[in-house]
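In the two complexes below, chain A is the common chain; its partner is chain B in one and chain C in the other.
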Partner chain A sequence: MGKYIFQRILIFIPTLILIAFFGYLIMELPPGDYVTQYASVQNARGNKMSEQAQETMRQELGLDQPLPGRFVAWFGRFIRGDFGNSFELNAPVKDIIFDRLGATLLVSTCVFIVSWGIGIPLGVYSATHKYSKIDNILTTLAFIGLGVPDFLIALALLMLTWSMTGQLLTGLQSTQYVSAPWTLPAILDLLAHLWLPVIAVAVTGIAWVMRVMRGNLLNELGKQYVTTLRAKGVPERTVVWRHAFRNALHPLIAALGQTLAFLINGFAITSVVLNVPTLQAVYLDATIKQDIPLASTILVLIGFLVLAGTLIADILLAWLDPRIRYT
Partner chain B sequence: MNKRILFGLILLLLVSVGAVTAQGQYKQSPMLDADVTAGTLPPVDQRLPPKPVVVDPVDEVGTYGGTWHAMDGDDHLGYTSQTIFTDNFLKWNRDANGMRPNLAQTWEWNADATQLTVHIVQGIKWSDGQPLTVDDYLFWWNDLVNDPKIPLDPPDGTQFNGQLMQVDKVDDYTLHFTFPVPNPLFLETQSRGSYYSSNHFVPAHYLKQFDPKYNTAETTNDDLLARVSFDSHLHFPDMPTFQAWKVSQYTSGQLLVLDRNPYYWKVDSAGNQLPYIDHIEVKIAASGSNVAEQILQAAIAGQLDMQTRTIDIKDISTLLDNQDQGGYHVVMWNQGDFASPWLILHYDNKDQGLNDLMYMKEFRRALSESINRDQINQVVNLGLAKAHQFVLSAESPEFQSDAGKKVYNDWATSFAQFDPDGAKKMLDSIGVVDKDGDGFRDRPDGTKLDVVVDVPSSDQGTIDSMDLIKQDWDAIGLNTTLNVTAFTNIDQRILSGDVFIMAWPGAAAWGLISAPGAWTPVENTDYNMGGQLLGQWYQTGGKQGVAPRAGSALETLQKDYTDLIKITDPQERYAKLLEAYQLHIDEGPFSIGTVGDHPSPTIVKNNFHNVPPTGITASWDLGFPGSADPEQFYISS
Partner chain C sequence: MATISSTTPTTPTPAVAAQELAESGPILSVRRLMWIRFKRNRLAIVGALFLGFMYLTAIFAGFVAPYGARETYSNFASAPPHGLNFVDAQGNFHLVPFVYGLTPSADPKTFRKIYTDDTTKLYLLHFLVHGEEYTLFFGLIKTDVHLFGVGSDAQLFLLGTDTQGRDIFSRVFYGAQVSLSVGLVGVFLSLIFGTILGIATGFFGGLFDIITQRIIEILMAFPQFPLWFALAAVIPVTWTPDQVYFAISIVLSILNWGALARQVRGMVYALRETDYVVAARYVNCSDWRIITRHLLPNTLSHIIVIATLAIPGMILGETALSFLGLGIRVPMTSWGLQLSEAQHTRVLLSQPWLLTPAIFVVLTIISFNFLGDGIRDAADPFAK
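Here is the complex of A and B:
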């Protein structure tokens, strides 16, 4: 087990550097650099920038070096925790990310807990009551949940609550609580806003977890060891939860690698629609505006989380299933 | 008896005089009373300059207090800057017809407009109580702009053929400017929007701590630049300001809160220190979100007190339907746009064959007359705009005389009627006919003619309009392709001489003061008429860029501009300007207009007062809503 984990971590590091390099490369691909972009923004507002001023700015930002130089300089600072300054927002990337990390993790963790917490029991129920009336209803609902995009659900909920209460639940807080200390009213206000994005995004999550759980469990329940267990007179409860369920969990655990990245990468459009200050919306914007320090930092961060998630999933699976750790 | 009455009257008089003296000459917001009583803030009379600037309210003298809820598009806080950061040397009149004294109260020019002495209001204090003097302007000019290590450019109107203006201090409140060439519009050009002199008077006493020259602990310019850059200057609650409100809280991507500046230097006609409104709360739309959508939602939910800009024309009916529920009304300001989209024809293409076509007026007229402008107006703009030729904004001062109105009308209607058959005949007459039988017209020499239009992907209205124009042009046999792409990419193509026609979303221009590049190719910018390379050629004195062809109208327009900006008498300047415009009517169109003069819906809560009925929003240079004097807006309880 120890050797297995060590091997995994050994592959982890070069992959990370590779991701960082490609992340940086992708950001460099579009024509023009930040300075041309910046100058055109200024231009549109009637403020001109001379060629000389643009050159000075390029030097200041280190954009005049060749590509390998730009990458090495950027990566060296990156691993020291200095992510540079965002071009577009005129502020340290670190601050921008940390400012949004709270809201991002809050929403996504809630989404994660709700979708797995509700999705798994529903999936198990569906599988164990195959083709019953409730299973059919749940299946229908799950397909609707998978089919309707989360931002549409968010908009529908937004309009619904607005027409019923006159409250517009965009953002995560009422303005008087932004950056205020966490008193009880502030927490209540947060909860009053939080449920909307969480439900909107979790609907898809629940549906997905439920379908995967149902399919896998059905698969396991048809296997010979289950028949053997039942023949031996093991209670159905133990058969399902202790034996079949554990095996049916594999694909979900394997998907955990993606889930961790989803925490800071999912529901970008919902964030945009609901005006929730999350990292994904910032990432989207930074990519469009070629804000290289910001966009590549977040991209590499997402890559890092996919890797870390995969690593955790690998270790969990190895723990769950002895066959894996000895191959 | 009489004596006693007289005595009583005298006593009454004395008491009331005493009361007035104790109370002081000016009144202040109750919000500040506690601080003044506690002694942490000087009384209002000491905070105001000896002669404060008096602002006449639009409708009536207001009452103090309240919070103004608004929304901004992103962390650059451009809308907010346009609202509260427009105290320049001069200020636009509320109807945008000319300018009025503001920070600069009096000034003297020499005869040929090369020397200017400006007197600013004496005794203004920064929001931290420090005096504001011309040293604050000189710090910006000497320590920021003229420091080669700091990438801040001398703004428009301060540099001529590479020669900078010279600024000298006469006394604490008087500046003396010397220009290498006549520069009669200096004060006007320096008073545009929220990014000229309002941003040039900087708090030197505060900024020095971030300047590596004065503070060795600072190793980079980042801290300094972030504070003087107009798209981040509202991020710093500790930075003093001389505008009506100061920042008290900023949370990136979420919220900006402003409080009244207790040292603001203006009073109303009744002696109340302005502003009336105590706080402004600006919700910042999260990055990447659709701000028009956010504003619409917040407006109909009654969450906005006063908001202009980025309200979609197509949303007007939704806004009007929900007026009662949201407790607001919609005031129709004007966008003052001359064209949305504006088709900028390029005469600086790498392909000389395309330039040959562009220099032929028949070709340009065919392009213009084949466009069904009414259709664009009905389909894309709900019929709320006006269909006309490319022409400068009707509100420009030179168009206000009778002669001006005539020029405007002639220009707006020139070659703007829908006449596809006439357009076909014109193309036939210059040999632009189908030579290879593929159904599309070719160039006179027989090579293929592809009409490629660069369209910015950021503006849906422009894309919709261009789809219609493509149909119109295809119908007369011009093979039209729309290159819908990011603005940055178009800018690159403009500079490399690859653009034939560009569709510019919503354009506004104001004769000589705002974006003259719209009517004469003299600006080194992407919106320059005829192409940026022509403007580059003009600005660099022929060192870079592309020259207009000898004897062409474009060359004449450049020369006209050179002469016009030296004229010191406004009336003579307007007359000459109209003469220059005449060329657009006789030889034009040089670029093509579609529809313009859109209304600009402005949301005003029913208890929000003193908002003037007119305002012009398309050009940021005009400084709206700042030019409507937000310091005299008030909220009734």
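Here is the complex of A and C:
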């Protein structure tokens, strides 16, 4: 086991470096750079920037160096935890990320709990009541859930709550609580805002978990050991939950890395629409403005996170499932 | 037929064999069996029919839509849906639906535009009316006949108008031309790329295989949306709409070919050792012949299934990118671009009808999911 984990981590490291390079390179691909972008914005406002001023700005930001040199310098600082300064927001990238991390983790964790907590029981129910009326309804609903983009659900919910209560549930907090201490009303206010983005993204999550769970469990229930258990007279509840369910859970655990990717994808647009201060919203803004330190740091961190998720899933699975031999 | 052979253990006479054949029905080809299985899936049929309808209306968008793609009525900007009626204000029933006249006015307090129906004026719906000129089939046919309309005196805004005063209903069809095709182009690109690489790496293996697998792994470590944003931001502002369109479909396919290449590689890997491929090798078939005659046909049904299931993701991707202003650009239009007007909550709350194109997005994606699922079940030879 120890050797297996060691080996996996050993492969992990070169992949991380490649991801970092790739993530950095993509940000560098657009024609022009932050300065051209900045100059065009300034031009539009009527402050013409001379070529000389642009060149000086480039030198200040280190954008006059060739690309490989910049990557090595950036990566060297990156692994030491120094993510540099954001061009646009003129603040350390680390602070910006830490600022948004709370909201990002909060909504993601909630979505994860809601989609697994609801999706798994529904999936088990639909598999054990295959082709019943409720199973058919659930399966159709799951199809619809997979088809509706989360940001549209968010917009629809936003409209609905506004027409019903007259409250606009954007952001995570009402303005008076933004920098207030965490008192009870502040927490209640947070919860009143939190459900909307969570539901919007969790709909797809529930549908996905349910579909996977149903398929896996059906697959397991058709196997011979289940027939044997039933022939022995083991109660159906024990057959399903103690035996089949445990085996059906493995593919879901194996997809943990994918789940992380899903959580990151899910909030990419919803948080822009709902004005939730997540990392994805900052990232989107940074890509458009070519704020390379900020955008590439977030992109690379996301890549790391998904890769780490896959690694953890693999190790967890090897530990949970004795059939997997780790060599 | 199983009972016959068990009760009469003698060798089957020609008569018995003929009877068996008659009972089991005609021998069906694999394709025919697939079609029979596919037909049994009602949801897949509904999905296929809806998609057929959507693609047809997209091809004949100019004809189906009562207004042109860029026909603007600034007097009637942000008008709510103005539908067809059968019963007039006096309670009389009309066999041909009609619309009331629409009069814009401003709210004296808020200066917001309000629209009132002028119930004294009735405009009957006409079929095959003359309207704005448009072209079909990339400019081959030029005409101004629209399927239906109410003439130039009245307004027929079935789904309302957007903030600039363009008919949303008409623009849904023009938007469909982009939204429905960008997924197909994207899937086509990733199919070609993914299949070639998948077969090549699975068949030849070696260093090339290892490098390709690493690249795919890295690509797949990035969640779709952040990577799409980054790549869409690469597209220069100076590009023409057509160039942007193709660039978007390339962006959408960039994450897709990897998954496809992996699956094809896995299948080819398994097929490579099968008896018939080994036999083909012994009779001196060239690699090219083995690939095109044996490997490709055997992986084809699988590839088609993967492709069908990949299209909705791409349509969603285009919608999302255009919604955020990173995708299709004006003067082209797409569903995502139409929806992007609803991005500002203030606008959305005062004009909720801006969200109606979303219904088409959702229905299309669901239909593709149903269709893909149906094809997958039909293509599985072990399905009951």
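The working rule: the second predicted complex is superposed on the first by the 319 of 327 C-alpha atoms of A that agree within 3 Å, B and C clash if a C-alpha of one lies under 4 Å from a C-alpha of the other, contacts with A are read in each partner's own complex, and residues count from 1 in each chain.
Here is the rule we go by: a residue touches a chain if its C-beta (ideal position, glycine included) is under 8 Å from a C-beta of that chain, and two chains touch if they have at least 3 such contacts.
Model, not experiment: these values are computed from the prediction.
Engineer: Could you tell me whether chain B and chain C fit or clash when both sit on chain A in the superposition?
Structural biologist: After superposition on chain A, chain B vs chain C: clash.
Engineer: For A:Leu29, is the partner it touches chain B (first), chain C (second), both, or none of the two (neither)?
Structural biologist: second
Engineer: Contact-wise, after the overlay, does A:Val306 reach chain B, chain C, both or neither (first, second, both, neither)?
Structural biologist: second
Engineer: In the overlay, answer first, second, both or neither for which of chain B and chain C A:Phe151 touches.
Structural biologist: A:Phe151 contacts chain C only, not chain B.
Engineer: Which holds for A:Phe143: it touches chain B only (first), chain C only (second), both, or neither?
Structural biologist: Second partner only, chain C.
Engineer: Let me test your reading of the model: by the given contact rule, A:Leu18 touches which partner, first (chain B), second (chain C), both or neither?
Structural biologist: It touches chain C, and chain B stays clear.
Engineer: Between chain B (first) and chain C (second), which does A:Asn219 come into contact with in this model arrangement: first, second, both, or neither?
Structural biologist: Touch status of A:Asn219: no partner.
Engineer: For A:Leu284, select first, second, both or neither according to whether it touches chain B, chain C, the two together, or no partner.
Structural biologist: In the superposition, A:Leu284 contacts both chain B and chain C.
Engineer: Using the touch definition from the top, say if A:Asn247 reaches chain B (first), chain C (second), both or neither.
Structural biologist: In the superposition, A:Asn247 contacts neither chain B nor chain C.
Engineer: Touching A:Ala261, do we find chain B (first), chain C (second), both, or neither?
Structural biologist: second
Engineer: In the superposed model, identify the part of chain B that clashes with chain C, out of 3-11, 21-29 or 291-299.
Structural biologist: Of the stretches 3-11, 21-29 or 291-299 of chain B, only 291-299 runs into chain C after superposition.
Engineer: So chain A touches chain B in one structure and chain C in the other; where do those two contact lists coincide?
Structural biologist: Shared contact residues on chain A: 30-31, 158, 162, 168, 170, 268, 272-273, 284, 288, 290.
Engineer: Can you list the chain A residues touching chain C in their complex?
Structural biologist: Chain A reaches chain C through residues 15, 18-19, 22-23, 26-27, 29-31, 140, 143-144, 146-149, 151-152, 155-156, 158-159, 162, 168, 170, 260-262, 264-265, 268-269, 272-273, 280, 283-284, 287-288, 290, 295, 298-299, 302-303, 306-307, 310.
Engineer: Using the touch definition up top, name the residues of chain C that touch chain A in the complex.
Structural biologist: So the residues of chain C in touch with chain A come to 43, 214, 217-218, 221-227, 229-231, 233-234, 236, 312, 316, 319-320, 323-324, 326, 339, 342-343, 345, 348-349, 352, 355, 358, 361-362, 365-366, 369-370, 373.
Engineer: Okay, in this complex, where on chain B does chain A touch?
Structural biologist: The contact residues of chain B facing chain A are 69, 74-75, 78, 148-153, 155-156, 192-193, 195, 220-222, 225-226, 229-232, 235, 249, 251-255, 257, 281, 283, 285-290, 293-294, 297-298, 301-303, 486-489, 491-492, 514-515, 523-527, 620-621.
Engineer: Write out the stretch or stretches of chain A touching chain B in their complex.
Structural biologist: Contact set of chain A toward chain B: 30-32, 36-37, 40-41, 43, 45-50, 53-54, 56-57, 60, 85, 89-91, 95-96, 99-100, 158, 162, 166-168, 170-171, 173, 175, 178-179, 268, 271-273, 275-278, 281-282, 284-286, 288, 290.
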